[in-house]
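For reference, chains read A, B, C, D, E, F, G, H, I and J in written order, and residue numbers begin at 1 within each chain.
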Amino acid sequence: MMNKELMTAKILEAKVAKGMTWEAIAESIGMSPVFTTSACLGMNSFTEDKAFALCETLGLDKPVAEALQVCPKKAWEGGVPQDPLIYRLYEIVGVYGDTMKELIHEKFGDGIMSAIDFTMDIEKEENPKGDRVVVTLNGKFLPYKAW
Amino acid sequence: MMNKELMTAKILEAKVAKGMTWEAIAESIGMSPVFTTSACLGMNSFTEDKAFALCETLGLDKPVAEALQVCPKKAWEGGVPQDPLIYRLYEIVGVYGDTMKELIHEKFGDGIMSAIDFTMDIEKEENPKGDRVVVTLNGKFLPYKAW
Amino acid sequence: MMNKELMTAKILEAKVAKGMTWEAIAESIGMSPVFTTSACLGMNSFTEDKAFALCETLGLDKPVAEALQVCPKKAWEGGVPQDPLIYRLYEIVGVYGDTMKELIHEKFGDGIMSAIDFTMDIEKEENPKGDRVVVTLNGKFLPYKAW
Amino acid sequence: MMNKELMTAKILEAKVAKGMTWEAIAESIGMSPVFTTSACLGMNSFTEDKAFALCETLGLDKPVAEALQVCPKKAWEGGVPQDPLIYRLYEIVGVYGDTMKELIHEKFGDGIMSAIDFTMDIEKEENPKGDRVVVTLNGKFLPYKAW
Amino acid sequence: MMNKELMTAKILEAKVAKGMTWEAIAESIGMSPVFTTSACLGMNSFTEDKAFALCETLGLDKPVAEALQVCPKKAWEGGVPQDPLIYRLYEIVGVYGDTMKELIHEKFGDGIMSAIDFTMDIEKEENPKGDRVVVTLNGKFLPYKAW
Amino acid sequence: MMNKELMTAKILEAKVAKGMTWEAIAESIGMSPVFTTSACLGMNSFTEDKAFALCETLGLDKPVAEALQVCPKKAWEGGVPQDPLIYRLYEIVGVYGDTMKELIHEKFGDGIMSAIDFTMDIEKEENPKGDRVVVTLNGKFLPYKAW
Amino acid sequence: MMNKELMTAKILEAKVAKGMTWEAIAESIGMSPVFTTSACLGMNSFTEDKAFALCETLGLDKPVAEALQVCPKKAWEGGVPQDPLIYRLYEIVGVYGDTMKELIHEKFGDGIMSAIDFTMDIEKEENPKGDRVVVTLNGKFLPYKAW
Amino acid sequence: MMNKELMTAKILEAKVAKGMTWEAIAESIGMSPVFTTSACLGMNSFTEDKAFALCETLGLDKPVAEALQVCPKKAWEGGVPQDPLIYRLYEIVGVYGDTMKELIHEKFGDGIMSAIDFTMDIEKEENPKGDRVVVTLNGKFLPYKAW
Amino acid sequence: MMNKELMTAKILEAKVAKGMTWEAIAESIGMSPVFTTSACLGMNSFTEDKAFALCETLGLDKPVAEALQVCPKKAWEGGVPQDPLIYRLYEIVGVYGDTMKELIHEKFGDGIMSAIDFTMDIEKEENPKGDRVVVTLNGKFLPYKAW
Amino acid sequence: MMNKELMTAKILEAKVAKGMTWEAIAESIGMSPVFTTSACLGMNSFTEDKAFALCETLGLDKPVAEALQVCPKKAWEGGVPQDPLIYRLYEIVGVYGDTMKELIHEKFGDGIMSAIDFTMDIEKEENPKGDRVVVTLNGKFLPYKAW
């Protein structure tokens, strides 16, 4: 069975060959750009119909569609990330983690924001002083169960 | 000079005594809840007027106002956080980091989202299936300088 | 405000003085032994009525009851635990983690077992060849949201 | 001699080709799904008869059966796991480790739950609010020997 | 309640004051030197009679005897030890670990040597070329349970 | 020149083909099972005659005999081992390290047990309650030199 | 698509074949030596015209020029560097980090020196007592945004 | 003898009381701001005359002057720094380390830039698009000795 | 009993008060400067006569002499040292470790240089181009025992 | 261009084929055994004439001579070494690091022993009680520059 690394390589190759953006690919299958990209990079799985739709868009065959449906074993470089773009996000979690904890507990009580029942959106905000990246995280609040 | 740990302890004590939320404190000084909380926890600094306004709101004296103006040495537990609320944010950076990199480069070119020229907002989205936490990150895009 | 460490120390002291088991304490407040113990050790929070009930059982005063209601910042020794009882649990996660992933995905699809909407039960199974510890984990299945 | 990695790859390939679940494979050889899966993933060893029974079920030949009987060198990613499903289990050990220690010592005295004389069972509990994963750990209590 | 650190400090102080060796202390209570020392250092627990016997030998009072009976949370410096005497033992595990695995599996099958149902003995072997330390580890073989 | 990994692979292959145990191989060359196994696994070196004797026993040729004589660069997984059999040994060093230090200093004075001028022996002790593994470490005591 | 490792290998090969220094290559494309070298080592990206200019200078073809334009995922050995030249830089950050923080805050207020809107220059200062390396870092000051 | 931590605390207190900048303090003793600050933070030592001059400037007594002359044991948080200002410097070493190695070797041959026979200067460059921090590192080139 | 930290503090205080160098102290008790310093810093132990001789030299009383005789638990900062003087030694071990292994095996066969039956000497070599530090390590060669 | 790993492999192969020791090779090119070995292992670079001389001695061709002249990127296993011969050196740095710091500062003032302007010599000292390894480190003292 095709593994996720090969699947990603084939998708990236086809994406370049077709000259498509992630946004265009996502739109063609009716999914969001963030989820579509993450599934193509092997960090999420597609349902059967979305997997085949993506392969049709990019002219890829069945083994890629099958690999897209496999539940991935998620893994990353671990510990502290190095790429500056990703590190800044890690730094935000470090600097604002306790602040987020205070404010989420203040608004919702004891519990967490789910990283599973969760969506993310990335937008460009045009600004004469320099465009801005706007990232919206939206996760279900899960209260701790007491029993 | 009063250090940041003592400053935070005094603010938390006064906050409980006054029975105020972070939102109410922030509103009273005309700043956002996220920035206000982070400055009170010692991860950001206030200008002189905001520092004194906060102390007036909470009935605290000058050394606290002075400590709030000191440029903090930001530090956190390091590596992989453990508290479940904060860990889920770390996990999101791990799982979606490469996706964010792909999409930000697609929209903006080579560069990063600033964690310094940056704001954050945390809202509650009511939802019959379970309320949701909505976190908005807004950072200036900084293109890599070539020279 | 009383912190969680002092709260735990006062509870342990009273527990020894009263000669009560965790099971008896839990029963007296109508909660499970696991959740009750974890809240007393500072890893979960009680609602107001349970916090005061526990303090009544153990003859403790209001600051303990208040500390029991605070949302805790969960933390542990980190990385690989050392105490043999706890290490064996870590080892089980290491040895059986991929097996659990295979079987949960087989039964439920892509998603996880929640550690938040979660209960645990610990029982003694008498056995002539040596008594056995039976630990039951019960967590809500959370399917990954696609969007 | 065939190593465990190749053995696992051949089993997974045959499992997909036969369209069998782990539960069905386990039933066909009269073993539990958890132990069967763990042996196929290279984390446990089979007796000769079970190894050959599994190969008959999946149409695999003798080298696989031999590899299944080899005492494995157990290893995993180490430290803090990353896959969200496995991390949640690690988090449970972190959050509830001391609680489990208190309650097991209360019921059994000084000792541990064995991770060797140990069984695990994973069940699906249907629930209108969302199905639940029920994991049962059953390990022999081993009292510390004093001498 | 007296904690293990204070208990150990009081025992060491009394041991020096009485001018007794660990061997003599162990003999006076009818236990082995290794187990006795480890309990006094807080890494094992005594039954009530041994705890009181030890306190009688050393002229210590009831809180020490109570602390000796508490199930300890075992912990050490972690990772790679530094003291040369202890490091050499760690090095032996590193250098001979796979050899021990081969030979124990050859003699006993798949399983481990228990570190719980376990005794240790340390002897001096006189030798004209230099005396030798003889350490004997004796642990129950625990076969992996298949189910 | 043949490296140690290939040497070990060739020895293991011949050992299976000949159906010999490590004990039988060791006896055939007049060495102990522990040292013989460790040299074959690449963690010790043989003298020329023992290297050729082993190759004669197993029907291996000269490059293997040469590789067996090379001084090895000893290395292992590092830090905290994971395989349960090896981890239990590591845990024993952690739990009993300070105890061993106390007792060796009590019997011998300041110094260490050598891990170089050192032998190890592994025996099976039959026992109706479960057979036991007996490991004997025998190392020269090395007093710290003062100058 | 050609990856950055292969791109770097091809550039280094051509650089040796042409006998050119980094300074000469940089000058030929009108960029600085530091930026040019870093882009060739895969740590920065070129605009299309610079990428093709560099390939023309070195006689390399289109895939190299394309690879030079890809936004790199920056990564290094991580943690504490080992090569003595690079370690000395790390040591300077360790020894002088707090000093730099004090002086930058004194001159500019709360904020940081950007590592993105940043240039570096390396010069040789001839000196009879031994030539000196002069490294100039020039980064935009980014004040922390308060909101 | 006064230790470096207390020495630094006393200097910082006096600096605030006198309302002096590091630049002014440095100028008053005829040393650079970077070296002066680093010595006051305990990362370098002063000669006797500079130590007494600094104490005169700040109205501090002899024990501080003595502590300023002690050769410091330099230490920092270790590994990867967290404060954003210091992290950016670490990131620059990571991103540009190999580039600096290439260019220094190209200009000087095999060797390093000393971090001991070394000076640093920090300047503010006014710029309408945002002021810039200019850091100049100046270290003696040390060629590797061959023998 | 006095611990090693307090012992070291008392010795350093007396050393400054007496205005003695380590060399002078060592000479007064007829031991080498390296061993004497290391024992005073708590990394080696003295015999009774040397311990009392040192206390006489420095005017210290019996508890210090007793503490000097205790077998120390040796420990240091661990991992990679940071102080530049100590780091350079670590770097030498890293850069030349394999070289030393090659040459010691070439001269002596398989074995190690003892760090226990070991002496060290530090001398100043005057040199018009800059004085040099000469460190001589002298350790007994210990051949690996085969059995 | 030939990389350092291949260069080392070719040199080791030729060294065995010629049956030469490192001492003999070093003597043939007029360099020390330590520096010669370290350059051959890829941790130092040769001048052109020494590189060609070594290749002539060993019958190797031009690419090896070129590789020997490349400035190496020095790297080792990192952190705490494992091979017992190398570990003992690491342990010596740990145990005696602060002692060396005290004595070097006492003799030379504030500064370090260079690891760059540095030589090492390894000798065998015959001794009836067991031969001894004598390692001499000789590094230029570098005083910290104040400015």
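The rule is short, and it goes like this: contacts are C-beta pairs under 8 Å (C-beta built on N, C-alpha and C of every residue); 3 or more make two chains touch, one makes a residue touch a chain.
For clarity, every value in this text was computed on a predicted model and none was experimentally measured.
Student: Report the inter-chain centroid distance for subunit A and subunit H in whole angstrom, where each centroid is the mean of the CA atoms.
Tutor: Chain centroid spacing, subunit A to subunit H, equals 43 Å.
Student: With chain centres taken as the means of their Cα atoms, state the distance from subunit C to subunit D in Å.
Tutor: 23
Student: Express in whole angstrom the distance between the two chain centres, defined as the mean CA positions of subunit B and subunit H.
Tutor: 30
Student: Suppose each chain is reduced to the average of its Cα coordinates; what separation in Å results between subunit C and subunit G?
Tutor: From the centre of subunit C to the centre of subunit G is 51 Å.
Student: Pull out every residue in subunit F that's touching 2 or more other chains.
Tutor: 34, 73-74, 76, 78, 80, 82-84, 91, 94-95, 98, 101, 111-112, 114-118, 142
Student: What topology does the chain contact graph adopt: line, ring, star, complete, or other?
Tutor: other
Student: Check the chains against each other and report every pair that touches.
Tutor: Once each pair is checked, the touching ones are A-B, A-C, A-D, A-G, A-H, B-C, B-D, B-G, B-H, C-D, C-E, C-F, D-E, D-F, E-F, E-I, E-J, F-I, F-J, G-H, G-I, G-J, H-I, H-J, I-J.
Student: Mind listing the subunit C positions that touch subunit E in their complex?
Tutor: Residue positions touching the partner: 12-13, 16, 77, 82-84.
Student: Can you tell me which positions in subunit E touch subunit F when the two form their complex?
Tutor: 21-23, 33-34, 37-38, 41, 43, 74, 76, 78-81, 83-86, 88-104, 106-108, 111-115, 117-118, 120, 122, 124-125, 127, 129-142
Student: Going by the contact rule at the top, pick out the subunit I residues touching subunit G in the complex.
Tutor: Subunit I reaches subunit G through residues 80, 82, 84, 87, 91, 94-95.
Student: Within their complex, state which residues of subunit C touch subunit A.
Tutor: Residue positions touching the partner: 31-32, 34-35, 44-47, 50, 71-73, 98, 101, 105, 109-112, 114, 116-119, 142-147.
Student: Applying the document's contact rule, which stretches of subunit D touch subunit F when the two form their complex?
Tutor: That would be residues 1, 73-76, 78, 115-116 of subunit D.
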